[in-house]
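The following pair of complexes shares a single chain, chain A, combined with chain B in the former and chain C in the latter.
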Partner chain A sequence: MSWPSSVVTTGELVTAAQLNLLPIRLADVVLGAAAASIDVTSIPAIYSHLSLVVTTRSATASVDSVMLRMNGDATGIYYYQSMYAKGSSYLASEGLAQTSMQVGSAPGTSAPSAAYFSSCEIWLPYYAGATHKTVVSAWAYRPSAATLNTYVGQSTGTWASTAAINRLTLSLAASNLATNSVLSLYGWV
Partner chain B sequence: MGWPASAVATNDPVTALQCNSWHVKVAAVTLAVDTASITLSAIPQCFKHIVLMGSLRSTSGASAVSVGITFNAITGADGYPAPFGIDGTLTTVGVATFLIPAASAPANRFGAFRAIVPNYTASATMKSMLIASGYSSGTASGSGSSDRSVMWRSTAGPVTQIVLASAASFKAGSTVTLYATGAR
Partner chain C sequence: MAWPTTAVTTGDTITAAQLNLLTAKVGDVVVVDDQVTQIDLTVLPNYYRHLRLIVTAQATAGNPVLNMTVNGVVTASYSRQYLAVNTSVLAGSELLAATSASLGYVPGSDTRYWSHQDVLFPDYQRAGVNRMWIASAHHIENAIGGNGHVGMWSGFVDDTNPLTSVSLSVASATFAKGSRIEIVGMP
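This part shows the complex of A and B:
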């Protein structure tokens, strides 16, 4: 059959080649206890792009930055730019020659309850290529019940390495991830 | 079976209707040599929405340049870019959408982007594109992130072709993948 040039019709067989056009979840982690990081290793190189869906909260800080590191590389070759808005304010910040990149922010102990988590979606195009890896993330969180405390943001970060990404480590800048923080990793053919 | 309302169980048959709810790759381009533009043509018309994802760099002498996107080879004053909710200006040739690193940026720097065109086959409504992108063009400064919406101010039928272009050429190694989701 010709799918995806046309729709699948009843009775048609989906071939392996066609199944290989589908994005798929590669990893899914839900923290059962507070932890310093979520580490996904042995990421296969057969996909074109990766994406992450993440929800996080700090176990100890009032708020904290959500950070991403590639291949366990802690050298200072990460560059990032973040922008976010709350209320009528718009703010931006950058990080140069850092040891990980900011991909979002998370609420913590200042939130009204332990149910407050951030949401973040991260896109990693051409993660296995021989170029420096640039990622884009969109995120939002609410660290307080007071007014002017709903944040919406976007970040971009570059890991200045030509190595294929085979490991992703999600953490907070200065505190532990809280129980029930979640990371799902998807591969896009 | 009830999937996707419930998980697939062993021996459950997957129906055509269920297959037609999948996300699927429909085209991919990775440049082997520097190339002036990237064209995705003959886009299937059987899906609901399309998604572009890619990694790009320009050969232009600047540190960063804009990427223009054109639908259906129509280059009139149909584009209307609006960065981060701020009204943009009319453009006459394609739509200046997002920045990517260029020749003055450190070697191997490529920008990232993801774009969605909802309801791309509509013939009675104008089509919008939502683009999230980012790039780094230096080591002392020069990282940029943008969230942009673009409206193609045309009801001239479904989107059948998308062309990406920038100043000079796209660098070899640039890649764009087109995905579609959910049959109409």
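This part shows the complex of A and C:
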């Protein structure tokens, strides 16, 4: 037995195979100025799963949808379903044959200050496999301090392609991402 | 090309910069007696991009709410929203201008049962951005029907300071021995 089945002990040689089992950050982008998208290219295919942690805000819209596109594919083969709550209401929405996938929503210019951002965590299991790709996201945002403006939700989606994911593009549906929007990408073996 | 763009191969030299790309557990707090009213995490590292708390908790009585404050802020500046299910009942709830934010519930009526909360603080060091978190919360209160809970919880506080501390408490009770909070840094 050896790490990670047992703990590492002093003096042990850690091998390349063992290091390759570790979750690791592949990309980290912080926008220094508003931009149309955050584009991560040349994603290696050596991991089993990918995850993203994203914080976003719209530079120009009051509220906008956070969208994810794979491999630069703008054809209508994205399908998604969301459920979310605000106040005591719980709601749902669906997108069919879209050109990108909604993974959350972002506050924007109608928020009380520029300090209002959204948060989102996204998982892409078996992103390099030969089946259609599944995406799961959990998200939250607050576009206003008023009642019925604090949201939490979860979304799932499919990119109906058998291609390995090698590029991820995060954008908003109709506006630019604001300064300090963040995307971090992790690889999980 | 080098790790993590390619796999590590035997003979590669691993640099500090590469090791700093790894997700790591950076703290682990375990309650050692039943009298702890509040758990304070005051030495949060400041060199990760995101921070995660993994909470496993039990209360000494009831089925109390797990409350959280950050950075010592106790003014009425927290808001939270949940979407949760209990048996077959789905419910949403919002709380605004609160002095803390809840993260679900903690079982306390049966010592065999524990909660699980997974709390993500994205970009937790960013100045000028309100601190926020998104959590999943789960627990079974006891073996009696109607006492299972699972849900998503979001929280926001009007505080733009980098996250330096987190305090957790259970309403009208104390944490049971063995309650645990792990802190995970995500670069």
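What we mean here is this: the second predicted complex is superposed on the first by the 188 of 189 C-alpha atoms of A that agree within 3 Å, B and C clash if a C-alpha of one lies under 4 Å from a C-alpha of the other, contacts with A are read in each partner's own complex, and residues count from 1 in each chain.
The rule is simple: a residue touches a chain if its C-beta (ideal position, glycine included) is under 8 Å from a C-beta of that chain, and two chains touch if they have at least 3 such contacts.
Owing to the predicted nature of the structure, the values given are computational and were not obtained by experimental measurement.
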item	value
Contacts of A:Ser88 with chain B and chain C, given as first, second, both or neither	second
Partner chain(s) touched by A:Ala45 [first = chain B, second = chain C, both, neither]	neither
Partner chain in contact with A:Ala174 - chain B first, chain C second, else both or neither	neither
Chain B versus chain C as contact partner of A:Ala74, first or second or both or neither	neither
Contacts of A:Ala138 with chain B and chain C, given as first, second, both or neither	both
Partner chain(s) touched by A:Thr9 [first = chain B, second = chain C, both, neither]	first
First, second, both or neither for A:Gln154, with chain B first and chain C second	both
Partner chain(s) touched by A:Ala36 [first = chain B, second = chain C, both, neither]	neither
Which superposed partner A:Ala163 touches (first chain B, second chain C, both, neither)	neither
Shared chain A surface residues [contacts with chain B and with chain C]	22-23, 83, 138, 154
List of chain C residues in touch with chain A within their complex	3-10, 12, 14, 21-23, 49-50, 79-83, 90-94, 96, 120, 122-123, 126, 128-130, 132-134, 136, 152-156, 158, 160, 186-187
Partner chain B, residues of chain A touching it in the complex	3-12, 14, 18, 21-23, 48-49, 79-83, 94, 96-97, 123-126, 129-132, 134-136, 138, 154-158, 160, 162, 188-189
Chain A partner contacts - residues on chain B that touch it in the complex	14-16, 19-20, 22-26, 28, 44, 46-47, 53-55, 57, 84, 106, 108-114, 132-136, 139-141, 143-147, 173, 175, 177, 179-180, 183
Chain C-touching residues of chain A, taken from the complex the two chains share	15-16, 19-20, 22-26, 28, 42, 44, 46, 53-55, 83-90, 113-121, 138-142, 145, 147-148, 150-154, 180, 182, 184, 186-187
